[in-house]
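Input: one structure, supplied below.
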Amino acid sequence: PDRLAAFQARIDAEEKIEPNDWMPAQYRRTLVRQISQHAHSEVIGMQPEGNWVTRAPTLARKAQLLAKIQDEAGHGLYLYSAAETLGVTREALYDQLLSGRAKYSSIFNYPTLNYADMGAIGWLVDGAAIMNQIPLCRCSYGPYARAMILVCKEESFHQRQGYAIMVAMCRGSAEQRAMAQDALNRFWQPSIMMFGPHDSNSTHSELSMKWKIKRFTNDGLRRKFIDATVPQAHSLGLTIPDPDLRFNEATGHWEHGAIDWDEFARVLGGDGPCNRQRLKHRRAAEAEGAWVREAAAAYAAKRRGANERAA
Amino acid sequence: MSFASCDPRAAWLMRLGDTTLVLGHRMTEWLSRAPTLEEDIALANLGLDLIGQTRLFYTRACELEGGARDETDLAYRRAEPDYRNPLLVEQPNGNFADTMARHLIFAGFATPLYQRLAASCDAETAGIATRSARETTYHLRHAGEWMIRLGDGTDESHERAQAALDDLWPYVPELFEADDLDRAVAASGFGVDPSTLRDDFDAAVDDVLARARLAKPAEPRGQRGGKAGRHSEHLGHILAELQYLQRAYPDARW
Amino acid sequence: MSFASCDPRAAWLMRLGDTTLVLGHRMTEWLSRAPTLEEDIALANLGLDLIGQTRLFYTRACELEGGARDETDLAYRRAEPDYRNPLLVEQPNGNFADTMARHLIFAGFATPLYQRLAASCDAETAGIATRSARETTYHLRHAGEWMIRLGDGTDESHERAQAALDDLWPYVPELFEADDLDRAVAASGFGVDPSTLRDDFDAAVDDVLARARLAKPAEPRGQRGGKAGRHSEHLGHILAELQYLQRAYPDARW
Amino acid sequence: PDRLAAFQARIDAEEKIEPNDWMPAQYRRTLVRQISQHAHSEVIGMQPEGNWVTRAPTLARKAQLLAKIQDEAGHGLYLYSAAETLGVTREALYDQLLSGRAKYSSIFNYPTLNYADMGAIGWLVDGAAIMNQIPLCRCSYGPYARAMILVCKEESFHQRQGYAIMVAMCRGSAEQRAMAQDALNRFWQPSIMMFGPHDSNSTHSELSMKWKIKRFTNDGLRRKFIDATVPQAHSLGLTIPDPDLRFNEATGHWEHGAIDWDEFARVLGGDGPCNRQRLKHRRAAEAEGAWVREAAAAYAAKRRGANERAA
């Protein structure tokens, strides 16, 4: 209890908690869960965009997409490393992903169906991710906060790039504009769901706020995102697929219609359009790569043996 | 033989660009399928380098040709026989050993090629080559390190690595055979005669294979044709995917 | 919802044609890859039937629509959202059990559909349906016999057959959900409301599964969207290959 | 020796030898080799055409191609059955193919590179095959002769269909005509090689002639093929890729230039453009189908057991 009070005092003083510092078991658990989910999301998130790399319409767009997916793999690595500072192994976390026990952002269970989706993902999905993640740069846990500074910097580059793709599509042919609208239609709801359930239904929130893992409520972040995004959609000449969306002059905020939380729960629960496909793909890659990882380990062991004999 | 462009310099640079385009496409097929996350990043890097090189080669080729075409025309709006890459780079990814063996061969060829091309009489081309040589030097090291790990790893990995080399070796001779175009650009001081690169290739590859405990395959007569536009059955499938959006939406601007 | 044609009859027949086109494409992917030579012949036969049905459905649809388009326009010159096949038929071939399970589901749905469509008020459509029902009755038997052999064969084949069913069952509900278009053509006596077909499907499939010692998966909420033009990621790759020549050579006459 | 004389007398009298008749071991071996090579050729021959089924340019062409490949699989089946009447099993023959010990027509080791190849294969390859095979309909071995009657009927349909594709290509766009010429350029030499080495270098021939397994010489059949094909090429507006080709007014035959027999030997020996690919494909299909064949066998054994218990 004394330790707990001291811990809370450090948090309240905006000090960073570091790996070797004492922390409540619940704090550790919450962080492991959140960081590893984030890492898994980066890894699974490579697939929907990877779906268009071989078909990217120009070499510049191909390179851009490839670089973005590479960044995502890099984020996955940073985040697994941050999680490992809390005493878990990447293998154990990865195993939770492959066995379906761990969650990842449910947005990646939607398919990418036309090239404008590469724009919509950058603009909306990375946009929503940044809203969620910028406060995490000030998270009380040091390694996580530092990883997020790097991640956010790259994500905001991706977000601008995604918007630029949308601009190009909306300035292009009628078919391209239709693709852009179609992409927005499919990704809008899943994007605003990324902020999680309404505050009234949100678990884990209170403690996370107190421990400064989380600094804003789900609804607050969602509002901020919508306020930023609606004018962008209008300037693209696109229609937000929400007939109830309206600007509230009194509050100065955009108000959205009902969100289909049943769908959110279904997709999170494994029953989205691509959940099975995403995990199957990941498992197949793991299985097919097993002999390579074994070879690398065997080679490293031989080298160690040789070095020891030489020493 | 017919050249892919009336300007031999352009035709020759297009050949380099076709080679990196097709190999780059193969690399992007690996995305999110690599044995480790680190390797996903590494393969994406190789792909990025190759696509970057393609753009530089194509763009300079288009300038030399007079500017009527651009990199998108070359990458997306030509038919199979217009592409002049050697057959090696269109071979399927296969397993990870196949891909690494293919890349060892490619980088063992491309690195000395680019190094000599850095002395091209065309300053632009020389600059592209200098930059590209730096990249493929890294590719050579990366592929070499993997071949060593696989060759000297487990029995299974050794067997797969050796099978990969044996399967791909027939595509080695084509890389080093000079044709009229190679000789023409070499004679003018613009390009490089690939037949002069074989010793460098052998030195680099022999070193890797020795450390990998892998046997160098006997020199086969080899398969050839890609440099003259006569490909394997694989290229058509690559282009169907690569070109799809440009072909389906010719009026779009991406 | 938007229909794929202004004429509901044409739009509805196109949906049938899209379904057999995409499934036919998947079948042709098996060519020279089947477990036995006999099965290579059988799968080619299924593919031929499906492509034949596609041509008949498309051609009649084009006539009803007024003749501005033909089968080639429909098969080769539309974009992904214009295709209105259910998601089931674009799922990858997977292993042989996956393909047979997919085909059992398809044929269990299409056979009663075609049988009732044989009473269409449009004599042409009725004729096509009569012929097609004969074909899919054979498909149902063929896929059923294989599911029984696999389900009651070895432990491995049983496991694969069950996994195939479990993986594909989420695509079953979409087949039987009537939308506005289904209801419109059923009401006019031209088409069939698919929600009326579920009992026949269950009877046929339950019989096979019982003999195969396979468990019928619990009814999932299911995945849907294809009938409204919202597909899986697979369709785009199918079209890139299917349409390539028509897209690359728009002026050719084959 | 008496049996041998009686056997030869039956052959000379144009009687058919049937499976249960006595025959010289060499006659049996020659037939097994020839029939199984032919069967293997049909099976491997599915691949080069199979390469274009998913990309066939119209539904009619797709159906046509699919039907043709299906016929080839059917020919493979007939021919394996004919070989089995000589006391070998299909599995044993198939194993020879997969292990690389058995040969198949070397033409299938060339790649199909554009859609006109589907025409050229029908026109030239099936055309050459028919020239070789029509005499086999009168082969002294009954089951082979009967199989060949059926095969030849279908092959000649394929040949006409292939020529019709060439006509369509040559009447099409400039790009299509270029494809047609390119296909002819690539398939001409391999097609005229299909008749085998020059008579002066042909092994096996003499005995095969005496036993009426073979009725015409390689060069005779090749001449017949060239005489039939050159005018067709000209009527298509295509150029035969042989600068030395000329019409001999004295003999009334077309005379071809030198044939690259080194290439023939190389491709036959395993070093053609697609030899490795073709066998790899076949082996992969066999390996991937093993569990299905095992399941079918296990099921059949269970049924037999159940029937016996019931009896």
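Chains: A, B, C and D, in written order; residue numbering restarts at 1 for each.
What we mean here is this: a contact is a pair of C-beta atoms (placed from the backbone, for glycine too) under 8 Å apart; a residue touches a chain by one contact, two chains touch by 3 or more.
Owing to the predicted nature of the structure, the values given are computational and were not obtained by experimental measurement.
Asks: Could you see whether A-B or B-D has the larger number of C-beta contact pairs?
Replies: The comparison resolves to A-B.
Asks: Take the average of all CA coordinates in chain B, do the same for chain C, and state the distance between these two points in whole angstrom.
Replies: Computed from C-alpha means, the inter-chain centre distance equals 41 Å.
Asks: Per the centroid of Cα atoms for each chain, what is the distance between chain A and chain C, given in Å?
Replies: About 36 Å separates the centre of chain A from that of chain C.
Asks: At least two other chains touched by the same residue of chain D: list those residues.
Replies: If we look for residues of chain D contacting two or more partner chains, we find 55, 175.
Asks: Give me the residue numbers in chain B that touch at least two other chains, ranges are fine.
Replies: Residue numbers touching two or more other chains: 79, 240-241, 244.
Asks: Can you list every touching chain pair?
Replies: A-B, A-C, B-C, B-D, C-D
Asks: Quick check on the complex: what are the chain D residues that touch chain C?
Replies: 43, 46-47, 50, 53-63, 66-67, 69-70, 73-74, 76-77, 80, 115, 168-169, 171-173, 175-176, 281-282, 284-285, 288-296, 298-299, 302
Asks: Inside the complex, what are the residues of chain D that reach chain B?
Replies: Chain D reaches chain B through residues 48, 51, 55, 111-114, 175, 182, 186, 266, 271, 273-274, 276-277.
Asks: Where on chain C is chain B touching in the complex?
Replies: Result: residues 79, 237, 239-241, 243-244, 247-248 of chain C touch chain B.
Asks: Quick one: which bits of chain B touch chain A in the complex? Just the residue numbers, please.
Replies: 21, 25, 28-29, 31-41, 44-45, 47-48, 51-52, 54-55, 58, 71-72, 75-76, 95-97, 148-150, 152-154, 156-157, 160, 241-242, 244-246, 249, 251-254
Asks: Which stretch or stretches of chain C touch chain A in the complex?
Replies: That would be residues 79-81, 167, 170, 220-221, 223, 225, 230-233, 236, 240 of chain C.
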